[in-house]
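Before anything else, here is the set of structures, which you'll find just below.
Next come two complexes, and both contain chain A; in the first it sits with chain B, in the second with chain C.
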Partner chain A sequence: MAEKPIQGEKRVFMTGNEVVAWGALAAQADIMYGYPITPQNEIMHYWSRLAPKHGKKFLQTEDEISAGFTTIGGTIIGARAFTGTSGPGNTLMQEPMSMAEMYRVPAVFIIQQRGGPSTATVIYSQQEVTLTTFGGNGEGYRIVYSTATHQELFDYTIKAFNTAWKHRFPTFVLADGYQAKMREPLTIYDPEAKGIEMVPTVPTLGKEGVPGVDRPPVHMTNTRNTEEELYEVVKGLQAAYEEMWPEVEEHEAVECEDAEIIIVCHGVVTRSARVAVSQLREAGIKAGYFRPITLRPFPVEPMKQSIKGAKQLLMVESAQGQLARLVKDSIYGSTIPIEPMFRPGIGISSEEIVEKVQSLIK
Partner chain B sequence: MPVPRIVEAYVGEYASGKSECAINRALELLNEKEMVTLADLDFVEPFYTLRPIREELKAKGLNVIAWTTGETLGFGETGSVVRPDMRWVLSNPGHVIMDVGYGVKGSKALNLVEGSWQDPDLQILVVVNTARPMTASVEDIVDYVKALGPVHGLINNSHLGDETVVGFVQEGARVVSRAASMLGLPLVATCADEGLKEDLGEVDVTGTQVRYLKRHMQRTFW
Partner chain C sequence: MAKLVKIALAGEGGQGVQSVAGILVDAAYDEGKEALYIPNFGVEQRGGVSIAFCQISDERIGAPKFEKADIVIALSDRAVRRCAQYAGPETVFLYDASITGIEDDLPGPPVKVLGIPALKVAKDELHPRVFNVVILGATIKATGVMTLDQVKKALEKKLGYKFEQNPELRELNYKALERGAELIGAVL
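Showing the complex of A and B:
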């Protein structure tokens, strides 16, 4: 067995894509399957540089459909497998992602969002929220973590493998072109040194023994013969999803208790909201922010609790209301006015948020 | 006595600080009253490049050869287009500083520059930040530099962004210096944020000259 890639912990300076590669390595991932697309390319670059040194594997497939299916294949035989993609690649990968939902395959997908529709710009956006949470045919039985910092990219890449293998739903780390490419310090670590145990992987296919003799045969199918049969299967998936929901949902609520205006955001925009809230508070304005970390399953009850005293919500996202749709569905019944600050494909600064809040409270 | 012509190409790991070192070097040379050309030869997914500050650097007196973001299309997968003045950058009079992109091809990007391998003044300098795990140890740096092709010297640019302290820069200097010795190459300089000048002084712990950096690249995302 190769030496541990990270001994203890270490302060380092990296780009987000490299962080993902190191996070997967620390999580003892066995293999990455992938097809190049900006802005996630350096996940592959760095994984394929690190892999041979640490006894890991990499397969570049012919396209994203294949990258998704091979990730499922690897996971089904018990490998801790992952892939990374973006934009049009995320679109192409929806079919294998849906299959992973149906089969309960604990595959891990890293998404670095870029602009859309279609190929659009290859840089930044938050326009893959709908696609990543509910993009497949079916009901969106996935877990989606939305990260804001390089530290979170590392932490949640590790966590994604454990959540996936514990709950057996495909699990996503959703970041963006900014997080992919920007650089900042973070602490990388061996999960064990932090008391994090990696959930063991088990093969679904290719188990020991003769099927039907030593063990029951494994029957995997994503084809259902009747409407009623499908109904039973989907209801079973729904029940399992709802059961794990409270354990998996995560959020961050900052200064919401007495806040009159609450900024609602996710991912990298949280960084601007954090600075904005701090500046607004200094100016005597009662502002806070609420941020879902899991976009699926959405932290419905924590959000309802966090916003109950607010007079106004400011929805801030680099998309035309994709987060807002998740929010509105979750807080149905709330009569708190929602002010949109939708900036599809454009970065949002703390100054812009501060200015917007100040214009709202005048 | 004419000032000797300086031709330097900055190569190195992704996010090692090549552009920051190159820009600062070009501005430093500008003080010698020679024409100084600064060329952006970052052809691999250039996200942090000097493009957004091209006009600002030109206004300081540098001859800057670079695209602007608005002039270009389809970064990353569609590749970059080499402008004629990039190909012929070495025909400029005076000093020439080249900011070469990262990538496994390393200094081979200079294949695209006319006359680079015949230029007697060309110095290819590898920028190393020991806070980057793939170039954190002497052994890793040696392996990395050996894979780059022709190289003339190393630059210690060890830092942790805004968290950098003098001790970290000095430890980086020790590590990069040992790697340089093993490679039979000089440690040309240590680069550090100008905020560290008072504590770090003119030379680092290995006796190497410290070049202080004014940070331009924080504002240059895309």
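Showing the complex of A and C:
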């Protein structure tokens, strides 16, 4: 076994794409499959530079459809495999992602959101929320973590592999072009040194022994012949998804207890909300923020609890209401007014949030 | 020094603003500060306005981009036009004095607008290739976030292997850094 890529822990200053490559390495990922697209490219660049030194592999495929399917293939034979993509690549990859839901394949996908629709910008957005949570045909049996800082990007890249392999649903780390390209300090570490044990991987196909003689044969199919048969399969997936839901859902609620106005956001926008809330509190305004970390499964009960005393919600996202749709569905029945602050494809500063809250309070 | 310093560096793709930003935040990080740097450009390989948003602080930094910068440094006509939006009442707006045709595009009072002859100094006194290092020196001086010595260390880290091969390059870069700082000292 090769020497550990990170001994203990180490303070570093790097881009988010580099952070993901180091996170996957720390998580003992075996292989990355990928096809280049900005702003995700450097995950591949760093991984393909780091991987050979640590006995890991990389395969560049002919497109994103193939990158998705090869990731599934690798995962099925028991490799801790992942891929990364963005924007139009995320659109193309929906078919393999959907297959991973049907087969319960614990593949890991890193998404660096760029602007949309179509080619749009290579810079930034939060417009891939709907696509990443519910993009495939089917019911969205996926786990989606939305990160805000480089530290979280590292932590959740490691965690994504464990959540995937423990619960056997495809797992996503949803970041964005800002997180991909910006540099900030963080601490990278060997998971073991933090008491994090990597969930062992097991092959689904290609197990030891002769099928039918030494062990039962494995039959994988994503095809169903009758409506009733499919109904049973989907209900089974639904039951498994609901069972893991409370264990997997995560959120962050800050200063919500006595807050009159609660900012609802996710991902990198949380950074602006954090600064805004502290400035608003200093000015004597009772503001807080609620942020789902898992966009799927959505932290429904924690959100209901956190907002129950609020007089108003301010929904802030770099998309035209993609998070808002998830939220409204989750808090159905709540009569707290919702004020939208939708900025599709553009960054949101703390100053803008402060200004908006002040205008609402008046 | 203020707790948080926000810098927007902008120029034509290829002018080296991203390299300058990289060295700047590296130096800050090495000094134990919180630093955040995000490049911003379009899909083009060359040309187009390239902006580097940098923030240096003693505390954890919020959003990667900001509304108004403490210091804007614009190195081309298009960069001047693009970056006027980042200038507020507290902003120092620096531009290269050789840029023409932007008189009507420069932000008005209360923004402090200053032209510095960085390109001229690089060309006439040093070497055109160290233009971005002159800018780095000017940025350091204008923000006061670090000392020139601290930035020299970061330069050494980034270019040390080249300096080893040709010690004159070290001299040239250090000189460029100092001249950049002097240009600011003269106008601020």
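Remarks
FYI, the second predicted complex is superposed on the first by the 362 of 362 C-alpha atoms of A that agree within 3 Å, B and C clash if a C-alpha of one lies under 4 Å from a C-alpha of the other, contacts with A are read in each partner's own complex, and residues count from 1 in each chain.
Here is the rule we use: contacts are C-beta pairs under 8 Å (C-beta built on N, C-alpha and C of every residue); 3 or more make two chains touch, one makes a residue touch a chain.
If you're wondering where the values come from, they're calculated on a predicted model, not measured in any experiment.
Superposition model on chain A: chain B and chain C are shown in a clashing arrangement.
Of the two partner chains placed by the overlay, only chain B lies in contact with A:Ile188; chain C stays clear of it.
Chain A has more of its residues touched by B than by the other of chain B and chain C.
In the overlay built on the shared chain, the residue A:Pro39 is in contact with chain B alone; chain C does not reach it. Of the two partner chains placed by the overlay, only chain C lies in contact with A:Val268; chain B stays clear of it.
Looking at the shared chain after the overlay, A:Ile348 reaches chain C, while chain B stays out of its contact range. In the superposition on chain A, A:Gly140 makes contact with neither chain B nor chain C. In the superposed model, A:Ile123 makes contact with both chain B and chain C. Across the two superposed structures, the residue set of chain A contacted by chain B and also by chain C is 13, 38, 122-123, 178, 181-185.
Those residues of chain B whose C-beta lies close enough to touch chain A in the complex are 14-15, 45, 47-48, 74-77, 104, 129, 131-134, 136, 159-163, 221-222. Remark: chain C residues 22, 25-26, 29, 34-40, 42-43, 61-68 touch chain A in the complex. Residues 13, 38, 121-123, 178, 181-185, 268-269, 271-272, 274-275, 347-352 of chain A are the ones that touch chain C when the two sit in their complex. Interface residues of chain A, counted against chain B in their complex, comprise 6, 10-15, 18, 22, 36-39, 41-42, 45-46, 49-50, 122-124, 178, 181-185, 188.
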